[in-house]
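Each of the next two complexes has chain A plus one other chain: chain B in the first, chain C in the second.
Let's turn to the complex of A and B:
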């Protein structure tokens, strides 16, 4: 157990800390650029830095591949992570689960709220096409979806969720400036609470800067960050709907 | 040339015949109607530019005004000409006055139609000349700086900022890219207007504006001269402003446009009745402008299984081809799309990819086939992605694809970084160069897996097309026959922009294009 206290990457022997890094610089390849890359690697916490490849990649940019030894370790015995969903099910499992345990189609309303015009995250989860090889919710035979698109007012989203009797509300926040998304998300929860509707829906927020922990802080039921696939969200919804009923 | 796989040409004929009959039906609908974006395109081609005080494009202001009065069935060109005759001003002046609310087009007294048409035709003629001039410019540049050998290396830039896009595009050209596509900002396809000016903020892409087109064109002309080959520029003639963007591309000398007859319907939930009309007018513009279209069948394979639904791609290609012909496009302008999307874990999956690519290559021998990279099974494991992209590149060069959209090792992570693009270009150049003439050495085993697979896909495409002839294409889409997505005929976005043509409908460009392209109805 003790050896997890100061855990480092493993190259070919325990805790040797060996890692590879690659990046480009807006500099022509050359000894100066190579030195910049090397110093950057040291600043990243690498030792025994070795720039193994450098090349021009056009328009005054250069590309580097670097190996080095990471001088930091992490106490792997003390890690706790907040997770929205403990087990992600597959598309088929989820549909079967709904048929078996819920016995009706479930309804999900999604929107990008506030000033956010970027539906890329919402579409990745909701649209037929889905994301990273996973079908979007729209494709699930047992899930009905309403995708309200971008720049939806909090009030309108609540109205729609009531109107269609939604089980879950998905809010996507992709682009935000000066933490505007936080304010907007808090307002949404406040609004629901003021109307006594907070417990009526599963409230889910997603976006590249969202974590489950942050979502809980803001009063949501779950948060999903980068790399989330539609089935992760669907798994959360169905697993928690069953608990709710 | 001897056939590498045997093609049952009688089945191909059945497919083409069915596609013709399917699209005949669609053409009836197209001829009876126009749309707000088609009419706005007419105004743009008449030289109208700019926005009103609230930032609404003048073309939108004018078309909306006519449409709200229930007069759009006359064609906006009539009402513009009417104003030109009544006020003795030019189109832009009139547009600006209307934009400032100085008068409304329908309020002006109706002028003698023959004189109005005469007046409009003179201006429209100049619009057409402008397009033809750009086409001639491309042809002469391509002669001076011939593009590299096919498959052409096609990469995307998508920073959101046109000036960063320029840097990345130039870097890609220096590395060996032949074609640069500027990805559009997310959801621009659903905007029912086209913004103006250079833009530096977009997500997942950069707004398609005429000024952005111009900036990138200039950069690629420069880069192309340095690289010694003509660099082709791509954008998206799709979404709710399909023909307007075609018009912008025509006058800024874009070389390719993503322009599919059904993509918007299926994947953007745009109303089908609207889209069919828009695609026709946009394709006539592309045809006259010498622009190569790229169709979007590759997308079918990302929502459905690439192995099971391969025939839907081929069927759709026949439909796109037929609608393309009916819009005056030449085969050489049809970058029919498909993709390398079979599950990489499938045993012999590569053979099925080859079968599809070779089949399409042989059925459309003169079309610059557009081959899309693996995306569906790309997860974030960049090393695996780089390897799969290598297999994709090998499939491309050994089956003689025309346009190879390079896969990025960071697909599914972010829009490409400058180094991602450089690595993918290196990947493709290595393989294309290393296996350049491999295709000339290949004959596929007559009863082998590849031949059998190709036969099966072709037969299934024929029976799919024949079943569509019975129910009609709109019903087929409603039934979810493409990409497993069902869209209702009266649903989706943009239906409110559909307008029935009146008896006196007038669109000078439609008439001129048809003459130019020898389209006989």
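Let's turn to the complex of A and C:
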């Protein structure tokens, strides 16, 4: 593992630190602009800087491609990223797992809450057709789903979850401005705590700005980011439902 | 006499304090660290934990490095095994909680030698917080709970005796707006306690029996049950006459805007008391809080949240810094009896310098 102690980008050989960066400058292409680009690259922590391409991209603007060697490394052996740990199972495995270990259909309620009207993420996970070749939760014979759609008020989501006796609540948050999504999500958890219902559900939040770590800080059980497939979420739900009982 | 924040805490003789922020980046951790440092100077033994953190030393929203927490020797603190290993504090394990976090097993540790730095992780819900509190009680003079984001639930009076509220420039672009929003949020947290002991007793019982209970002027009780407050209030929306001649409305859970907007205001309820367990159960916007006063509707709590002080951070990652003096003085004027500090400001630092013997 020692070679991971000071890990740098891989160019042609291990830990040579070679990288390529590109950016634009509000300057006409020329020797002066080239020197600015070179100095900027040094300030980024690059060594052996080589401005390999410079093009004019309109009046007063130029574009650069730079090769260089990164001075810094990161100790990759010490990195611990918070992630929702569960063994990823397939559609068939999950349905079998529910039949075998839970013995009843499980119920999942999902919504885009607050002002968020962007249901792509929620639909990718819940809709029957699914996402990236994986069926959505609606298709699972052992999972009953309620997709409440967009702009759902926090209290309506809790109301519905109680009404259908949900096992898990999925919240999707895509769009934010000045971190409005955070306020909305913390309010959801505070509302559940105020009602004394927090420990009743598995709480899951997903979206492009969501990490598992943020989800925990918000008071959720798990967070899923970009590229999550329906079976990842379902695997997490079923494995943790079993732990909960 | 003890000065600064620790003075305010000691005077009230509280055993546990939650630090809550009105927004992210309001300065919760700076507040936490200041109290820890001051308590150590005064020889107050501490129990420390953070509510809602996990993972790396990097802030999960802004990707900035989180401020570290210094743990004085002898302090009991809660964190996960791997988080402890990454820090610099020598410690012995005193209790296994049985909880697991991303950073491994969550335990209670005692700091040894000269203390050191560590990240506190692993406690994420009020039920876990309660268990830690039960353990720390009697073992330390003061339990200190660092908050997460703008979450309020660690301020529940049955969990923590007192609260320090962190606010700052991140709430608004002008001093006046920050003061306005801070005062509004504090108003909800510090709602007055019900004084009528008979009503208090009735409310306690009602909260156990039903989601919402309406007490009529005749003394008659109307219990509205539901799976949650939100189901119960739906029943009232459909039968608004239930609120006729109400002298008190008792909530066992959350009080939200829609109840006022869809039932209380349209039904012209006046001169009525609304009772909730405590200020963390109130989710009302500024307009509705004002309308309550307008219609002589008194919002009261069974267990008051004791706010011990307010700290204000005049800087924000989103905008230019605000005037520290203006914020502190404005908040002091608006909050009357509450101490208000800018912990990084010159005034506080100078005062502190005097009482900790010029140590920086």
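Following the convention adopted for this analysis, the second predicted complex is superposed on the first by the 185 of 245 C-alpha atoms of A that agree within 3 Å, B and C clash if a C-alpha of one lies under 4 Å from a C-alpha of the other, contacts with A are read in each partner's own complex, and residues count from 1 in each chain.
Convention: contacts are C-beta pairs under 8 Å (C-beta built on N, C-alpha and C of every residue); 3 or more make two chains touch, one makes a residue touch a chain.
Since the structure is predicted, the reported quantities are computational estimates derived from the model, not experimental observations.
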item: First, second, both or neither for A:103, with chain B first and chain C second; value: neither
item: Partner with the higher number of touched chain A residues, chain C or chain B; value: C
item: Partner chain(s) touched by A:217 [first = chain B, second = chain C, both, neither]; value: second
item: Touching partner for A:63 - first (chain B), second (chain C), both, neither; value: first
item: First (chain B), second (chain C), both or neither touched by A:186; value: second
item: Chain A partner contacts - residues on chain C that touch it in the complex; value: 23-24, 52-56, 60-61, 82, 86, 101-103, 124-127, 148-153, 156, 227-231, 234, 253-254, 256, 258, 280-281, 283, 318
item: Residue ranges of chain A in contact with chain C within the complex; value: 78-83, 85, 153, 155-156, 158-159, 162-163, 178-179, 182-183, 186-187, 189-191, 193-199, 211-214, 216-219
item: Chain B-touching residues of chain A, taken from the complex the two chains share; value: 22-24, 57-61, 63, 117-120, 123, 127-133, 135, 139, 149-150, 174-175, 227
item: In the complex with chain A, residue positions of chain B that touch it; value: 167-168, 170-175, 186-187, 190, 203-204, 267, 299, 302-303, 376-380, 412, 417-419, 422-423, 483-485
